[in-house]
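Two complexes, one shared chain (chain A), two partners (chain B, chain C).
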Partner chain A sequence: MRKYLKIVTTTFKEYSAYRLNFILWRLRMFISTAITFFLWFAVVGGKNIQFGSYKESSLLSYILFANLLYEFAMGTRTVDVAGEINNGVIINYLLKPVSFFKYYLSRDIADKLLNVFFAIFEIGILVIYFKVSLVIPKNILLAFLFLLNGTFISFFLSLMLSFLGFWTTEVWAPRFLFFMIVAFLSGAYFPLDLFPGPIYHLLLLTPFPYLYYLPTKILLGQVDSIIVLEGAMATVWVFLSYKLTRLMWDRGNKSFSFWGR
Partner chain B sequence: MEQLKRNLKIFILFSTFALKSTFQARLGIIFFIAGKILRFFFFFFFIFLILSKTKVVTGYNFTQAAIFYLTFNLIDTASQILFREVYRFRDYVVSGDLDLILTRPFHPFLKVLLGGVDFLDLFLLFPYLAITFFFAAKLPHITFQSSAFYLLLVLNSLLIATGFHILVLALGILTTNVDHTMMIYRDLSTMGRFPFEIYKEPIRGFFTFIIPIGIMMSFPPKALFQLLSPGFYLLSFLLSLVIIFLSLRLWDYALKQYQSWGG
Partner chain C sequence: MITVKNLTKIYRTHTKNQNFFADIFFRKYKETIALDRVSFEIGQNELVGFIGPNGAGKTTTLKILSGILYPTSGTVRVLSYIPFEKKKELLRQISFVMGQRNQLIWDIPAYDSFTLNKEIYEIPEEQFEKTVNELSELLNCRHLLKNPVKTLSLGERMKMELIAGLLHRPRLVFFDEPTIGLDLFSQETIRDFIREYQSKFAATIILTSHYLEDVKRLAKRLIIINHGKIIYDGSLEKITTKYSREKTIRITLEKSVDKKNLTAINPAFFYKFPEVKFKIEKKNLPKTINLINESLPFSDLTIEEEPIEEIIKKFFSENK
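Then we have the complex of A and B:
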């Protein structure tokens, strides 16, 4: 356990060493959140508009909370793994007395904590400047449990994409496609229940709504009547994605060869 | 003229190399194009969703909102086709390979700015053009004059995009950071997917006159709808010249500060 804590603190130090890089990264994240927020603020801000089941405060709260939880669920360093497989650096991890999965999970924890910390301030700026009346978060424990599931799903999916590096050097294109799908189907731009009913229910069969859409909805106090089923489905996706990731890892290790290190 | 011919020859040579390396990654072609097509349709749906629920895009109907979105796609795609090499610039700086480019007997922009034409985006430009033409044909009061001004302003937007890319190159030399500055520009430009009237002041003013994303993305469709007053045409052309001038000055300054980092 201590060695993984050390990895967390080392990752913090790594970020503080490359400060400009981190500041620019946060600026990008802030701009991205702000643009979605500006759009919805223009649509519902100061107007008595009902958008689906959302009014001004619930819709703006959704956008801001979803972007905050996005940082936690989706923030990851596992994108580096594909490159490390392709250039052979991964051998260094295999030789060390650390679990590869736990090593990257520790790095991810540091990444998530740091990003969420800054995101809270950035979102605070938007809330204060635009005088947003936020919905007071509810069901925090339940939302956290769902978020934990979403975080694991995201972690394993991202690792799977990186493990493609065991078989091909073309690792960025599948990730790009995956990112495009996630961006829309996980609820970053708008709440997924604005989709027509049948599409929304089909989406609930995929892993995407479990990443941070459902945790955000729960925080807003909008708990679906099928929450138990949704919880079960999220757990199934964690289990499935874990098993598939392990399978790819085992197969990948067997087929992997590298030279010159 | 002789110089122009020579530069064109070098540009074609680099573009041929880029085409060959694009076809080295066949799986990548499929995934990248699929991702871009998905993103295109997803945002189309997003615009439709907003317009179907509320008449918020003041004064604009769905066809007009679609033309704003399509114009953004045309300008964004065209600039990615031309300036893809900028995304690889950091490697040249940190590895010291930039020295090898600077010492060659052609202008470095031929390599670092225009040297990696993105053929994947080129494939997408034609459907975007066709869809834009389809929606533009549905406009009731379109004239030859408004279409000509639309084209002229799209070209002007590409000039502004050129300026921004040169700025990114210059900042790349000064800070060795290219990826984030490039993506900040890309993120900001995505505001142009929607008519700028949707944004409230002071956001609208800031992103029209200080960081001229509004001028780049919103002015051409407004010219097509004949909603742009003459003063704004002049402002648009003047601004692109100012940005090009400033970016070239910063590039010159950055070159003077450049020290080979690696090698």
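Then we have the complex of A and C:
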């Protein structure tokens, strides 16, 4: 356990070496949250409009909570892995008595904690400035359990994309495209239950709603009647994505040449 | 300590087609034999020099021995473990120091990477402090421990890499070109350090280097590999005796002499007053020295061994 804690603190130190880089990254994330927020604020702010089951307060709360949980579920350093495979740095992990998956999960925890910490302040600014009446978070423990599942699914999906590096050097484009689609289908821009019923139910079969959409809904107190089924589905996706990532890792390691690297 | 039997490694790489679609759907592959039925054994506390031209299979062998690469066929046992299984018990006892690769985290001081390794290798606090102190004293780099790695020179960084690689006191160390790109002083320091480490911790060391001087100074046993095959496995002394048939006599003259006098001693020579150099076959050495004594006015005479590079070159040209 101590070794993984040390990986977390060492990652913090790495971030502190590039403070400006981190500040600019936060600025980018803030702008992205703010744009979605402004858009919805323009639509529902000060008006008595209802979208699906959402009114002004619950819709704006959804956007802000979803973006906060996004930071936790999706914040990752695994984007570096493809590059590390291609330039051979990954060898350093293979030679150490440490699990590669746990090593990167620890790095991710550092990344998530740091990003969530800053995101709370940023979202706080929007809440205060636009006088948003936030819904009081409910079912915190249940939401956290769902978020944990979502975090694991996101971790394994991101690792899988990076493991493409074992077979090709062109990983950036598929990753970019994938995460663009994921952002749309996982509820970063609007609550997924605004989709027509059949599409929404179809989406529930994919891993995307489990990343941070469902945890946010639970936090808003909107627990679906099929929550047990959703919990089971999320667990299935954690298991499946883990197995697939493990398979890619084993195959990649066996077939990769590290030739001249 | 290490047993390798009939080790073969074949790299399969795809060749690029002219056509983008053909490249995706009808990939063609080329097979390259990097190691071809290689067998050897290495015992406890041995220091073995592993040499060969670029692409001969040296690094591939080290990567298989350390568990990075999966062998195509053959058996490999390192400290009784199968390396590719990457058992923690094995990884705790080995280290791979690469001259061309960093294991240190670039943006933060080397000391932070050391403390990370301390936790990863579960090194007790006392042993950690003692080893860092000892190794940084030996390499004379204590003052650099707290500087970010990116601010260090190549030589300084290599010293830090050595400490990071040896902190857990591995029983088996692979050094892959540890002196590459370093100046003569740093090369010397690192050689001394490797020797010191081996004797102090009774470690087994495999060393590859293009600087044959490293091998000459450190290794008693030499494994020469070419085109994926071992072409020599034996003592360095034996190969030197067999392939070093000439010695160089270097003379400092007191006054200039006519070139005819030099030709009379040996037709081939180098002359730039006051220095004269003769390359003489070993069997003719006593006779030539007598002749020099009789016919040349000199103030100094030294007999030099052939450089190891020349010996290995001869070995390769005769064992193609």
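Methods note: the second predicted complex is superposed on the first by the 258 of 261 C-alpha atoms of A that agree within 3 Å, B and C clash if a C-alpha of one lies under 4 Å from a C-alpha of the other, contacts with A are read in each partner's own complex, and residues count from 1 in each chain.
In the analysis below, a residue touches a chain if its C-beta (ideal position, glycine included) is under 8 Å from a C-beta of that chain, and two chains touch if they have at least 3 such contacts.
Note that the structure is predicted; figures quoted are calculated from it, not measured.
Of the two partner chains, chain B is the only one touched by A:Ile35; chain C is not.
In the superposition on chain A, A:Phe117 contacts neither chain B nor chain C.
Counting the residues of chain A touched by each of chain B and chain C gives the higher count for B.
When both complexes are overlaid on chain A, the residue A:Phe239 reaches neither chain B nor chain C. In the superposed model, A:Leu94 lies in contact with chain C only, and not with chain B.
Counting contacts by the rule stated earlier, no residue of chain A appears in both its interface with chain B and its interface with chain C.
Those residues of chain A lying in contact with chain C across their complex are 2-3, 5-7, 10, 13-14, 17-18, 88-89, 91-92, 94-98, 253-255, 257-259. Note for the complex: chain B touches chain A at residues 25, 27-32, 34-36, 38-39, 42, 46, 49-50, 53-54, 56, 175, 177, 180-181, 183-184, 187-188, 190-191, 194, 198-200, 203. Those residues of chain C that touch chain A in the complex are listed here as 11-13, 63, 66-70, 86, 88, 91-92, 94-96, 101-103, 105, 107-108, 112-113, 115-122, 148. Residues 20-21, 24-25, 27-28, 31-32, 35, 38-39, 41-43, 45, 47, 49, 51-52, 168, 170, 172-174, 176-177, 179-181, 183-184, 189-190, 194 of chain A are the ones that touch chain B when the two sit in their complex.
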